[in-house]
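Note that subunit A is present in both complexes that follow, paired respectively with subunit B and with subunit C.
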Partner chain A sequence: MKQSVKQYLGAVLWIAALLVPVVASNSWISILSVFAIYAVVALSTDVVLGRAGMYDMGHAVYFGVGAYVTAILNVQYGIPILWTMPIAVVVSALVGIIFAAPIVKLRGDYLLVATIGFNEIFRMVLINDVGGVTGGPDGIFNIGAPSVFGYQINSQGGHFLVNWVLLGVVLVLMNNLEKSRLGRVFRYLKEDELAATTLGVNARYYKILAFGLGAGLAGAAGTLFASELSLVGPDSFVFMQSVTLFAIVIVGGQASIPGVLLGTVLMFVVPQVFRDLAEYRYLIFGLAMIVVMVLRPQGIWPRRSRPQ
Partner chain B sequence: MDIFLQQLVNGLTVGSIYALIALGYTMVYGILKLINFAHGDLAILGAFIGLTVITSLAGSGGAPANWIVIVAFVLAVLMVAIAGVLLEFTAYRPLRNAHRLSAVVSALGASMFIQNGIMLIWSPQTLTFPEGIMPETTYHFGSVIISATQIFIVAISFVLMLALYLYVNKTRFGTAIRASAIDQDAARLMGINVNKVIASVFILGPALGAIGGLFIGIYYRQAVFDMGWIYGLNAFIAAIIGGIGNIPGAMIGGLLLGLFSSLASGYISSTWQQAIVFGLLILILLVRPTGILGERVADKV
Partner chain C sequence: MSTNETTLLELDNIGISFGGLRAVDQLNLEVKKGQVVGLIGPNGAGKTTVFNIITGVYKPTDGRVLWKGKEINGLPPYRVAERGIMRTFQTIRLFTGMSVLENVLAGKHLLTHQTWWAGLLSIPSQRREEKQLREECMEILKKLKLDDVAHEIATSLPYGIQRRVELARTLAASPELLILDEPAAGLNDNESAELNKTILDIRDSGVTILLVEHDMNVVMNVTDHIVVISFGRKIAEGSPESVRNNPDVIEAYLGKEDDEDEQEAFA
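Up next, the complex of A and B:
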């Protein structure tokens, strides 16, 4: 399929999805609404993991930073949700950059372990209520709904639209990244860092940039997540969440937009649908991760190397 | 001073358990360059199997006889070793030549599978171990208390680690294990059956892990299905501190981590103990990513 046809199909699918609140039941609206948020976080994980090739297993931290920034600003200072988003993006990106700066020099598995460590420290900070702003193990309640041009969006359908607009924007950004110089630098660093460095690419700078970018996007998703659920708690941003994000990228296909979206469907939507299986859910989930990897080690919808 | 000595004793006990579990991580990493995320869960599986053997053979009342405890250890080791080999065969072997992250996700899936398998077979609640699995005697040195259980755990761990060290360094098959860790292809060319070596590592590691897991159960007198990941993570940190892939390193790393975290919880803060451990980990990764005993290897030449 040609690239332009793919994009066209994607746009049609996105517009079709906007009709979901009109036709679908409430439970489906809420599942697909949260799906859009997780898809954004997964795509942002992919920037670091799939595109720049750094084994980031702590991406839930940046998602969490965004969500908590929105929660604190909205509940304590009464700032409207959508106004908190730019602040959430900047703070998350800064946290990403500050975390990444010392550790990007680590290779592969060492970086992975360091990000796990950050995720655990983040969880402890939230639970122990550092600075008295995180609400401890209970989190923060009563987060408001976004308002657009003075209209409070309280309905499920409203949240759905806002989330899907963000997803649409992020998809366009990803598509641009794919074609831009920056995207090519990331790919080059991933494939052969030594060669990239000898050609004058500042590896450290671009690696930190990848973390900042991925973290900022995750922060934006965090804002909408806090507003969608109207509460945030430490449990949503623990190591297991980072593992799920990591698995979404690898199971779906690294640096592949349709792959990551499909991965999000499999790892997020499917488990929601099979809620009835209750305790067997994660047993099957774990088994499925092994089976998919054994059958399709490159992911379900891998990126195709373009012949040129 | 007394607090210090007491924390030293406790740290030594926990540290030798970490060391036992860390050996499994480091041996697998040494050969496959894979973080076996399921290893901690295998260790805890050992605790649950041991608990079932003890409670079903000893009945509800009274301390279990010595032979029952021995049978519990033997069965836990055997079954977990079998699980380890099955894991390698089904989840890791097909991915040996695939992208490294595919095996990592497979390992994460296996971890989830084992953890929830334990939950479904046993219980989602915390299970308690009966009293008197090991003698309840305690020895007092000044105000420092050492229990017989602690002495048992440390002594058995040291014997096992020494045995493994001798096996890997003094026997013919041990040499094959070390050779495969250095260069799989060269080892294969020298006529070493690398598949057999890898299978053996997935017997030895989980077997030692199962003993470590059962020690955890006996020492803390409880087991819960999802505790594999936190003990596994600590053991893995121990392996990194010692130098991942290095067997004596895992032993030293385990002991050091045990002492460090027990002193940290005694002197700094017990709520922040785990965060302090992670801070130490990140610091070590930054200063000396190859760990204490790891050799410096050039990334690319």
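Up next, the complex of A and C:
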């Protein structure tokens, strides 16, 4: 399929999705609303993991930083939700950059271990209520809903629309990334760092940039997550969440937008729909991951090498 | 020959040790603007190590690398590349899973102006630049007769073509000095004859070339000046004719039986 056709198809699907609140039941609206948030986080994980090729298994941290920044600013300082988003993005991106700076020179598996450690530190910080702002193990309650042009959004449908607008924006950004020098440089670094550096690529700069970009986007999703649930707690941003994000990218298809979206559906939507099977959730996922990796190591919906 | 006397690259007494192994020792080498300089020697002589030192992949243990009179040893590879020094690799290093065109676009990295956020937002000037980059790269591909395969996955192409893609990638960067590590390795006679012509064309376009090569057909036909090293030390240098008749060189090549040793101290 031609790239432009794919883009139009994607746009049509996105517009069709906006009609979901009109026709679907409340539980479906809620599921797809949260899907949009997790899809953004998964796409942001993919920037670091699938595109720049760094084994980031602590990506839930940046999602959490964004959610907590919004929660604290909204509950304690009464700042409107959407105004907290740029701050959440900047703070998450800075956390990503500061954390990445000393570790990006580490090779694959070593970097992975460092990111796991970082995720654990983040969890401990949240639980122990460092600075007295995170609310400890209980988290933060009564987070407000966004207001758009002075109009307060309280309905499930309203949240849905805001979340899907963010997803739409992030999809456009990812699509642009593919066609820019930045996107290519990430791939060069992933495929052959030595060759890339001898052509003038400053590997350290671009790797830190990948972390900053991925973290910033996850932070934006964190803002909407806090508002959607109206509460945040440490459990949503633990190591297991990072593992799930990692699996979404690997199982879905690295650096493939449809692949990552499909992975998000499999990991977040399917379990919601089959609630009765919740107990078997990780059993089924575990098996599915093994089967996919053995039979289709490039992911279910891999990136097409799509030279233009 | 348009050789004027400006020295581009100078290796001043460089040496490097890996553990107890002295891979390069007290080596002096000079490359003048417009020259094609050949670096030859038996397997394991340290030729690739010299290239890795020049391009910043290795840091020399002693000595200095001078580019237009300024020290560049110790700079990271991307800083060396910024000075206009581009290289190919003995074992071809193309970007896996990417098309020929995308591989060659990598050479344009330093000549591209778009910022990262311009790329994300896909602003008009960024799109114009992308279009222009592609056109420029297609020109280079055409010159190297690679335009037919521009959209093929580079690493799935025959070996000889991959070598040309790697060359195209460095040419895309408009280098001042081109460093070729065994450009004829794995090529058949036709291809290596073609390579001779390509190298001379590149030289005529004003690019200075330093190459390592085993194929004497290439070395003797394209170089102006040859430096011979053995066990990390320079044993001879001069014009192709003088080197060919030098008894030390003949002994280094024919007098030893350890040609199996493919180790070039290359990590």
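Some observations on this one:
In this text, the second predicted complex is superposed on the first by the 306 of 308 C-alpha atoms of A that agree within 3 Å, B and C clash if a C-alpha of one lies under 4 Å from a C-alpha of the other, contacts with A are read in each partner's own complex, and residues count from 1 in each chain.
Keep in mind that, in the parts below, a residue touches a chain if its C-beta (ideal position, glycine included) is under 8 Å from a C-beta of that chain, and two chains touch if they have at least 3 such contacts.
This one's a predicted model, so the numbers in the text were calculated from it and none came from an experiment.
One of subunit B and subunit C touches more residues of subunit A, and that partner is B. Contact with subunit B, but none with subunit C, is seen for A:290 once the two complexes are overlaid on the shared chain.
Legend: residue contacts after superposition of the two complexes on their common chain; A:6 is shown touching neither subunit B nor subunit C. Shared-chain residue A:114: touches subunit B; no touch with subunit C.
Of the two partner chains, subunit B is the only one that A:282 touches; subunit C does not reach it. By the touch criterion defined above, A:194 lies against subunit B and subunit C together after alignment on the C-alpha atoms of chain A. In the superposed model, A:177 lies in contact with subunit C only, and not with subunit B. Subunit A residues 194 lie at the interface with subunit B in one structure and with subunit C in the other.
Residues of subunit B that touch subunit A in their complex: 29, 33, 35, 90-91, 94-95, 98-106, 108-117, 119-120, 124, 229, 233, 236-237, 240, 244, 271-272, 274-275, 278-279, 281-282, 285-286, 289, 299-300. Of all residues in subunit C, only 55, 57, 76-78, 80-82, 86-87, 89, 93-102, 105-107, 109-110, 112, 114, 116, 118-122, 126, 130, 134, 150-153, 169-170, 173 touch subunit A in the complex they form.
For subunit A in complex with subunit B, the residues that touch the partner chain are 55, 102-103, 106-110, 112-114, 116-118, 120-121, 124-125, 128, 194, 239, 243, 246-247, 250-251, 254, 279-280, 282-283, 285-290, 293-294, 297-298. Note for the complex: subunit A touches subunit C at residues 173, 176-177, 179-185, 187-188, 191-192, 194-203, 209, 213, 305, 307-308.
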